[in-house]
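Should a chain be cited, it is by its letter among A, B and C, assigned in written order, with residues numbered from 1 in that chain.
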Amino acid sequence: MSLLKAEGLSKRFGGLVAVDKVSFSIRPGEILGLIGPNGSGKSTTMSLVMGIVRPDSGKVLLDDVDITGWAPHRIAKQGLSIVFQHSRPLHRQTVLENIMLALLPDSLVRLIADPQVEAKARDIAARVGLAEVANQLPDTLPFADLRRLELAKAIARDPKVLLIDEPFAGLTAPEMHAFSDLIATFRSEGRAVMLVDHNVKGVRALVDRVLAMYVGQKIAEGDPDEVMSNAKVRSVYLGGSLDEPVIKTTAMAVAESAKPLLSVQAISVHYGKAQALDKVGFEVHEGEFVSIVGLNGAGKTTLFNAISGFVPYGGDIAWDGRSQHGRTPGAIARGGIVQCPESRELFGDMTVAENLGLGGQRLPKAELERELAWLFELFPVLGERRKQTARTLSGGEQQMLAIGRALMMKPRLLILDEPTLGLAPVVLDHISQALEVLRKETKITLVLGEQNVTFALKHSDRIYLLEHGQIVWQGDAPGFIREAGERYL
Amino acid sequence: MSKFLRSYRFWITVVAIAFMAILPIKASGYILGVLTMAYYFGVFAMSWDLLFGYAGEVNFGPTFLIGLGAYGAGMLNSYTPLPMWLCVIAGAAIAVVGGVALALPALRLRGPYFGLMTLVAVLLLLQFIVIFAGSTGGEIGLAVPDVLSISTDANYYYALVFMLISGGILFAVSRSPLGLILQATGQDPIAAQAMGFNITKHKLFAFCLSAFFSGLAGALMIFYLGTASVNTVVDLAVAIQIIIAAVLGGRRTIIGGALGAIFLIVAGELLRPIGELSNFVVATVALLVLLFVPDGFLGAVLKRRAGL
Amino acid sequence: MTLVMQILVDGFVISSLYALGAIGFTIIFGVSGVLNLAHGGILVVAAMVAWYMGANLGLGVYPACLVGILAGIVMAYLTYYLVVSPIERSRRIPAEEKEIFILTATLLWGIMIQEMLAYIFSSNPISVPRLVPGITNVFGVHTPTNELAIGVVSWLVILGLWFFVNKTRFGKAILAASINPRGVSLLGFELSSIHRLVWGLYGLLAGLAGVLLATFIGASPTNVGDLTASAFIIVILGGLGSVPGSLLAAYIIGFIETLTAYLSDPSYRTLPALFMLIIVIYLRPQGLFGRR
């Protein structure tokens, strides 16, 4: 008997198949982990179940009632609750009133709340550990308590099934434990729970079963250990088997005494109350290839955005010995730190040639031509498609264009954020070869952010492992396999 | 603390109402006339705030609803033998029906498009009134046969009582469970739906309520003035004034709308001696408040009290 | 036959002016997400300054128009630095409410401009002498040469703009910024200088449109609201932020209005356009060329 059952759920967005015939079921008192890297379709799957997005095909059954295509509020009333990752409580109401809101009936005529509602809300507040702050305004609460409030709101609906999106994002270790304990109590109450997260590691202790997704498809299902040892899952997260000796031990001899080109000194970043980076520090020397590896959500993109000047940070970043504080993203890019972001940020309605031209707009004409010729040698497909608009390119071609556009800036330091995301193996090889060319034939210093460890290990002189916004390991590629490989997944 | 605050606010309200109630003993007919208009405007602004501040929908065309109520009542009064009070109620009903006809399809729209639709609705109504000038009086205005009263004091009290009742109801709704649901809807529609609330139903209800009070106020106002004219109940300038009043007074406070309206109308009158520049000064003050006190008068006071 | 020609010629001139006014409006929206509801104010300032320079300070019609355009640019920058920028940078206004704040603030600013103009110059309609005298016979229709000149100047400016945006470094950066602002920062452009450039360009286009309007049908402070509304309607119809969309919409609206005015009654002029707008918003809220 299953409480929640999904059969062959599919959803397309234009040409992109976000979710492809995914099926699963959750029994009462069971906790299922739905994992997958960014873009794997796990969030869309959750939205499909909740009715926020309407599936193209497939069925969702809640306690044997077909709820496919229902509006979210009807699905909620049927017994499904969702805990969103970003909490947005009502700011002018107290914590208690926020919980009471979730207890209200969906009615226009109830102008006065049921007196029992307040007592109920107090009980729930106590259960999630908010009793002492029940009369405070949400803005005065720490981040973990805001997450508790979201959980409280979901409990208030007394749901049969709970969907929880990234339950532990932004929480400290003790807070994570407290939260785990809280979620575990749902088991004894016979509720079914689905946790959505980036990786097995985060939810391992809590879940009974794990379902792994990649590019819209289910790639593995089973108990956490099974899934973690599944070859497909390993190749998605690690890019291959760590046991194969793919490592090129060509680490350049970098003079230890040399001044670093980029020095990130204990920087911290907060998004509202959530801490995304916690005193992260690392150094990159001229001509080096350094990788920052970490799972999605570890803070890589935030780190690069801080370096590029898009997010404010505490601590300092020194470039060629000068502090970068107060410099605009434009000035930082002109100064030589060029980022090729995960989101690519191409100009979709412009052609390949125009995109590249904007990258090389400061070059004199002759040099521009030279750069372009060199680039088309590196990525011949860009030369073939120079008149095509960026929007019409395939994912791999777009990635090459994004790298190419960044190279047209003639960077001293090139930051590549997740260049392998969602790409086919053939394209991956192509980009891999291009990176080797950059490493061997140019003076460009490279910083690579990757969750695909095999890809990163193949190229890097040095590696930093980022976890929950902190650097937890650093060293070279063989060292990574020895010491950090197993703790990664 | 909250009990004390409540009583503190309560006493301020009592004193303010008492002051407004005894005003006719001392004040001149001119001042009472200005305040009468201000009170009707206060209802316009409070109705608008329920929709924007609580349901999160920007209605650029409050005068569409007001105009429907005013012209609906006025034309019924001119062309049918219906008694005045029935015309007023019918006017409010017409505003609600027109509002629903506008809102039902428009609420599906995302982003700024709901606001744009409401704006276009005003322009259309304006055009219709001008085109059918034969029956609507066009730009000259429609003289209505009946008037509320010829006594300044009586008119003043009608407006005051009407504003107090409407304000009381709108305020009560905003503080009721429904107000909470509306706020949740305005802040994050998806989260509100996931909590089991049919947000379209609640938004539509808020729109109807707003339309009802706007229409009622519009209808009453023309029976006070004796004429319905585009310049007083439909024009975009009036819509802008309403929005400014609500924002000045403080969004999401309901009562702030009334304060803002009274301020705007009274300031406009006080500045009348400087002639043409009066509108300029009012607009400037409003812009400065918007830039430097974005929470409005009441919003700023409440924030300070909450210690934020 | 003459009627058809008359409608064609008149529709063309009006539409060209609409296009000029609306393009600036839509570029501002595309690059910085601002709907400037003081738009009509900027047009009228340019018109009235040009008129004042000519009628009261005895400047020739061309220098007077240049000063008028300059006034348009100054007004655009004042709008940006005094009204829009403070709201964009304000930390006390929540991000999701900035839109309504900018709309309300620019509306107020438009009222201030209107009232100030009325105070200084009175509300009487003014007109600037024709740039080009004489009458031209266009397929049997006697048309003031000035009107044709307006059409030609508008199109020259639109073509110039097209050249600027598609062929020059800064122009391309503007286009790129309207597609993806973050992308241009990554490429080392300063968004703030792009905004400065765009507002200047907007002032130039609005100023020119205002001045040409004054030589054609005249202007008065009471037109501020109508001019804003017409630009607004065109831009929504064409799709917010789309320049080709605005161009097309300007012609659709211009011709429909002219057609209505000639075939029925001038007072019905704006009605069909409004109906069309409603249908478009319901069926295709992103407008004819809108991207989202």
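Simple rule for what comes next: a residue touches a chain if its C-beta (ideal position, glycine included) is under 8 Å from a C-beta of that chain, and two chains touch if they have at least 3 such contacts.
Here the structure is a predicted model, which means the values were calculated and not measured.
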Set of chains whose contacts include both chain C and chain B: A
Higher-contact pair (C-beta pairs counted), A-C versus A-B: A-B
Centre distance in Å when chain B and chain C are each reduced to the mean of their C-alpha atoms: 32
Between chain C and chain A, distance of the C-alpha-averaged centres to the nearest whole Å: 43
Whole-Å separation of chain centres (CA-atom averages), chain A against chain B: 46
Two or more partner chains touched - positions in chain C: none
Partner chain B, residues of chain A touching it in the complex: 50, 52, 71-74, 76-77, 81-82, 84, 88, 90, 92-93, 97, 100-102, 104, 106, 108, 110-113, 137, 139, 153, 157
Contacting residues of chain A [partner chain C, same complex]: 308, 310, 328-331, 333-334, 338-339, 341, 345-350, 354, 357-359, 361-362, 405-406, 409
In the complex, chain B residues that touch chain A: 172-173, 176-178, 180-181, 183-184, 187-188, 190-191, 193-199, 201-202, 205, 252, 306, 308
Chain A-facing residues of chain C, complex: 169, 172-173, 175-176, 179-180, 182-192
Touching residues (chain side chain C, partner chain B) in the complex: 35, 83, 86-87, 90, 92-93, 97, 99-101, 103-105, 107-109, 111-112, 115-116, 118-119, 225, 229, 232-233, 236, 240, 267-268, 270-271, 274-275, 277-278, 281-282, 285
